[in-house]
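Below is a structure I'd like to ask you about.
Which chain is which? They are A, B, C, D, E, F, G, H, I, J, K and L, in the order written, and residues in each are numbered from 1.
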Amino acid sequence: MEHILVIHGPNLDLLGEREKEIYGKTSLPKINNLIRKRAKELKIEVRIKQLNSEGEIVSILGKERRWADGILINPAAYTHTSIAIADSILAVKIPAVEVHLSNIYKREQFRHRSLIAPVALGQISGFGESSYVLGLEALVWFLRKR
Amino acid sequence: MEHILVIHGPNLDLLGEREKEIYGKTSLPKINNLIRKRAKELKIEVRIKQLNSEGEIVSILGKERRWADGILINPAAYTHTSIAIADSILAVKIPAVEVHLSNIYKREQFRHRSLIAPVALGQISGFGESSYVLGLEALVWFLRKR
Amino acid sequence: MEHILVIHGPNLDLLGEREKEIYGKTSLPKINNLIRKRAKELKIEVRIKQLNSEGEIVSILGKERRWADGILINPAAYTHTSIAIADSILAVKIPAVEVHLSNIYKREQFRHRSLIAPVALGQISGFGESSYVLGLEALVWFLRKR
Amino acid sequence: MEHILVIHGPNLDLLGEREKEIYGKTSLPKINNLIRKRAKELKIEVRIKQLNSEGEIVSILGKERRWADGILINPAAYTHTSIAIADSILAVKIPAVEVHLSNIYKREQFRHRSLIAPVALGQISGFGESSYVLGLEALVWFLRKR
Amino acid sequence: MEHILVIHGPNLDLLGEREKEIYGKTSLPKINNLIRKRAKELKIEVRIKQLNSEGEIVSILGKERRWADGILINPAAYTHTSIAIADSILAVKIPAVEVHLSNIYKREQFRHRSLIAPVALGQISGFGESSYVLGLEALVWFLRKR
Amino acid sequence: MEHILVIHGPNLDLLGEREKEIYGKTSLPKINNLIRKRAKELKIEVRIKQLNSEGEIVSILGKERRWADGILINPAAYTHTSIAIADSILAVKIPAVEVHLSNIYKREQFRHRSLIAPVALGQISGFGESSYVLGLEALVWFLRKR
Amino acid sequence: MEHILVIHGPNLDLLGEREKEIYGKTSLPKINNLIRKRAKELKIEVRIKQLNSEGEIVSILGKERRWADGILINPAAYTHTSIAIADSILAVKIPAVEVHLSNIYKREQFRHRSLIAPVALGQISGFGESSYVLGLEALVWFLRKR
Amino acid sequence: MEHILVIHGPNLDLLGEREKEIYGKTSLPKINNLIRKRAKELKIEVRIKQLNSEGEIVSILGKERRWADGILINPAAYTHTSIAIADSILAVKIPAVEVHLSNIYKREQFRHRSLIAPVALGQISGFGESSYVLGLEALVWFLRKR
Amino acid sequence: MEHILVIHGPNLDLLGEREKEIYGKTSLPKINNLIRKRAKELKIEVRIKQLNSEGEIVSILGKERRWADGILINPAAYTHTSIAIADSILAVKIPAVEVHLSNIYKREQFRHRSLIAPVALGQISGFGESSYVLGLEALVWFLRKR
Amino acid sequence: MEHILVIHGPNLDLLGEREKEIYGKTSLPKINNLIRKRAKELKIEVRIKQLNSEGEIVSILGKERRWADGILINPAAYTHTSIAIADSILAVKIPAVEVHLSNIYKREQFRHRSLIAPVALGQISGFGESSYVLGLEALVWFLRKR
Amino acid sequence: MEHILVIHGPNLDLLGEREKEIYGKTSLPKINNLIRKRAKELKIEVRIKQLNSEGEIVSILGKERRWADGILINPAAYTHTSIAIADSILAVKIPAVEVHLSNIYKREQFRHRSLIAPVALGQISGFGESSYVLGLEALVWFLRKR
Amino acid sequence: MEHILVIHGPNLDLLGEREKEIYGKTSLPKINNLIRKRAKELKIEVRIKQLNSEGEIVSILGKERRWADGILINPAAYTHTSIAIADSILAVKIPAVEVHLSNIYKREQFRHRSLIAPVALGQISGFGESSYVLGLEALVWFLRKR
């Protein structure tokens, strides 16, 4: 049974209240239920964290590096500014999938560049809560095909 | 039963021969079988085309616009250069998902910018032949949730 | 009686269906009727083509170069990406007028640069179907003043 | 009978003396006659001004804003440097057509960007004195089709 | 006996008519004769194509990939815009030499960047019809030294 | 009793008519009343000018330099283009506060750069007519704390 | 009685020790007294925090979002680097005023761009401790005029 | 006896009061005396104007174009922003020498680019009031050597 | 006896596990032993911290500012993104030496720019664990030469 | 019998020792023998120099300008930095062919721009020692066709 | 009697042969005579050098630093590429005047930036051999006014 | 006993006279004594050269390549402009340490980019004459640990 660490970046705890025309009406607890349900079907174990601080995300990656077989991460605003999180993913050497609720390429110019994408296995962007489900499947596909 | 138009861009007919360290060992016929198999499970109908010419992709999008409910497109090299294909997707007003075999953000700088992404529903990049399967699922999620 | 080659670029066959807030409600056949009517009044002969492929536009320019005295071209998406069409206009040495239905300077940044404009006689942009009519008049003014 | 305010920007009073290989041999009085003649045929009334100062152009636009139904403007050098004139056109909320004698896209790089074009109805560039005539027609087409 | 595929890009069929101060007075048939004559002397077999469409060049490279031992290509305008042709050369894994009639570094800024050069064996630019002859020799040198 | 020169830049005479979604419904006379009322309370004397020309603003600054103890300036469009006004403020060596009705950082990219800000005491942007009142208070705070 | 959350960003606890030629001689406790005094006069309630971590600022904004009617924030160094704080302000949908002690446009180039300004109501920069007082007044003006 | 039009741009009337560490202690009347004295020695006639408005400089160049054989111009702030003055110098076809009191290349980045220099005969920068004297001599050298 | 605060930035706790081809095989405890040993020889006292959060680094600098005579800092990923840490070093006014294990100029483009270097005494980059030892010596040289 | 001056730029004396994966195993004496042999066959006379200094290359071009009918130059590192050598080639007015052992467009970004190419007859890049032989032939073709 | 070191940069020995449409018909010996003649009239002593190597110019500046009171330098191509010569001028602390025969702002873009100008007293550009004479006068003005 | 070649770049012979606020009061002979003293202690042999010419530095590196085990280089101004010296270091394949007296990142923007750093073992910048001593130690650490 593979272990997947799921990380939600800054402000994602406000989902459902926050700009609904961009992020949809769903809330973080509902997304987490969806992730847990799909994890069960796929027979994988998940640990889910929501963290607002870049340093805490770096620390959790370091701390869980022996437990986790894969990382599912929505870095939110840190997608575009955090070299530290990218370095962390490289350092722990665990395959990571980057997901986004909204299509970041439809938004402001500064959201088009991801510092995380070059160190991730791949990126899934634009499918609301389904981005997480597709990301879980992508991780499982990768871990099991090896 | 939804209709999905699947478009493979230039050079994808050479898959399996071509730089295997980037694109993997699979071939286009094998990918197409995978797509058809998953389409059957999802109860959707697919039409698959491989086209080397930007103008032919524009034309097929125009021609199939009444039949198709969704578009699954790997624009390959045209991802980075074709405003015409992006305009086509806007013009036919059909939801499109952009997929890539390789993680384009791990490659040369000029492959980091997609002209298609801002007009697509979303983008999936980096999961080999699974990118297509995940893309189909994303389209079905979108079409059925509406 | 002067001969004018009229070229409509990619996706213009979808006019009237396509983003009406930008391109208006008119359709390509209606625009072509307008062109033919004005041509008759101006006592010029027109040949009209709609082509989705950059290469076909290059070829038609080469093929019609002995027949045509002037070119009226709406290069659509190729306005911003095609050095080949610009080279073609230089190569055939026939005066060309570039027209656009919408005001390209009111739209996305990447539509502000025309690769065709520096090799054209002039540019008319923003007057809907009237851009073509004004373009015909401009060509006639130029051909007859010589 | 529509009212059109025609504005000639800086240095246009020197036309005919000035670089003839770029601007042609015609003079400003001859262009104004052409404008008046075509205005009569189109049954519109025109007021024509030549102004060297950016601030005067801003002031005349403010002053004539109740009289004018349309603006025909050749902003000359201010095309590329004046946000104030662009703001003025926005402020008076009157449709404006930007015209140029020469094809500005055939000239120096700094003449390729127009600050006026994004706030104008459309742009006509490259047809000598005919640019003004075509511009008048474009304005009439717009005002009468509303 | 090595097989060399010779590809002439867009507008090269108009050589001899086209801007003679840049491309010289020779015509495409004369260049092809020169190529065939030198090929005979070098004891190599050539197939020569002139194609205006980016997609057709991609297709011919795919189609001839088993026959050809080397590629001699003048990509003309596509030199500066086609990632698809560059990907094609990488995909077919055949050594390619890029040639230009004119010295592209003496011309407009946008002609200084070649997307083909980084995937070619080498580049020869500026020697008129002799660029092709030198290119053939370079290919033979490379194929025979291996 | 301190003397404050208040300068309204180009187009501000059209306030109230002009794009109300950006600048609000107030008019220039109403703003001037507000300024005069607050000046009285603060026991300062004001002179108020609205000028459309960059050169006139330069001249008024020169002319009033002996009378004025402080400058309150809304340079409007000249904020982004006038080195001459910035030089003027430096030359007269009088503390200046730059104010804007709208938040210029929420608007087009070219409005984000102020040439005036680096020579001003400070900048206040985004509070409608209150920007002027806050600016007066800031000037008084600065002049009286010295 | 409106509730205002006042946030001081990183290093502002060192005020008074830190580069006095830029930030003045005042200390954070003195500024906080000034804020509390003015708040009392304006009949508003304030909560004041000084935080060095980007993630903590994001968290406090989330936590206080139901209590606060307005935000007064000096983001200090995060002004120029934090998309997360800007996203937070958008997410909590509370009007925010950005203030700076020094005139950031008089300093290094990298301090001229604020990522916070486009999501704030407005910006006040350059008036030392008075920037906070003016910011409070601006918030009150905005909240009471609604 | 050659006629030289001497133009001082915006803010130069404040010389002597204005930033003395950059412009020196001399005043405009003293500079004009120096110019007149040297003109007498060189047996040339001068007309001297100080103008704050870009439009007025354009107008004076137009108005004096039949009288003047040469132009000596210190465009001050307009050096870096005025295409209109540059166009004026081209239009009147009179040799112009650009002078600056300070060395503009030792100052802010935005003062390093002159829009006037490419249309002037030459540029002299950095020698205080002597820049004018040297400029007069340069003009005389040019006019008499022809 | 001088006091030196040694700060290891984010992810440095993973040294020895992390990309060994870049950072070498040594671990953080081994580096700390080396630092302590050399400090003893140089007769200085050290305090060593490893921190993953930008805000914590800012706080520790503030907190230790009265104890520390010098700072030895490897800011890791924050080298390239943290204005807050740079501001902190300026604010505490203690000489700081920036060190890197790897030669940052041999790596990705975004690692070539250090925001810390301009506020540090100097920078040492590329000598593995020896970078720290050399850094200690540099600090001692500076503190004792004063 | 034409005279050709052959110039090898800096570091080319180290060929054969130096990065062999880029420059191949051949040495400079072997290349010179190849050049002399081919020169003999082509009935031209050659003078060959290897020079490490930019100034010496400028001097040799000046000194040999009366003897030489053509120049064959591998400017090595000076390709990308020397305006002086480019000016020299312009000054002596002798046709020059630029050659490179490696394909400079496959290497670092800063090697893609040649300052020499715009003043040369043409460029040959990527064919190892054969680049020199092809360059000799190109020069002979040019000199004899005149 | 002041001592002036006159330095002519690379290729200036070829003057008179070299592109006459840019540099005029005069030769270096004639210019040197002109300099010596004017020096005599001004009662100054000159030493004149023409050097092709950047390093030699650096060396001569170092060597003559005790003799020279002023430097008159035409750095030719090194104007745009040599930080070493600029550093040299700073290091020897002798006032330097930069002169150019042609107006460098009328030429290619890369000739518009001078690395020497920011460390020179001033710059004179565009007056042929007179640039040197004016430069001598400027130096004398500066040295004698001190 | 390891052999270290020490190279001082252009203008370093003027140390002690030259801008002392940047480079300190020490002279080159004093630095060389310091280097020789430390070399003796470390039991290494040094050869020290000061060279003003880029080409001479290239030549000395070639000439001493068999003698030297390590290179200690302060490339001074050539740090930022010389690809030739960087190529030389690559060509001779000897570990090199780049040192600077001043902190180059505290100075002008053009001094922030080193062309040498990417080919050096590491860089030490900002510690005056100690930079050389630390550089020697770094080289010894590297050579002895191998």
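In this text, contacts are C-beta pairs under 8 Å (C-beta built on N, C-alpha and C of every residue); 3 or more make two chains touch, one makes a residue touch a chain.
Fair warning: this is a prediction, and the values are worked out from it, not measured in the lab.
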Fewest touching-chain hops separating chain D from chain F: 1
Option reproducing the contacts of D-F, where over half of them reappear, out of A-G, E-J or I-L: A-G
Approximate Å spacing (C-alpha centroids) for the pair chain D, chain K: 48
Whole-Å gap separating chain G and chain J, where each centre is the average of the chain's CA atoms: 63
Between chain H and chain F, distance of the C-alpha-averaged centres to the nearest whole Å: 31
Two or more partner chains touched - positions in chain B: 53-56, 81
Listing of all chain pairs that touch each other, if any do: A-B, A-G, A-I, B-C, B-E, C-D, C-E, D-F, D-H, E-J, F-G, F-H, G-I, H-K, I-L, J-K, J-L, K-L
Residue ranges of chain B in contact with chain C within the complex: 53-56, 58-59, 62, 65, 81-84, 86-88, 90-93
Chain I residues within the chain A interface of the complex: 9-11, 13-14, 17-19, 51-56, 76-78, 80-81, 110-111
Chain E residues touching chain J - in the complex, by the definition given at the top: 103, 105-106, 112-114, 117-118, 120-127, 130-131, 134, 137-138, 141-142
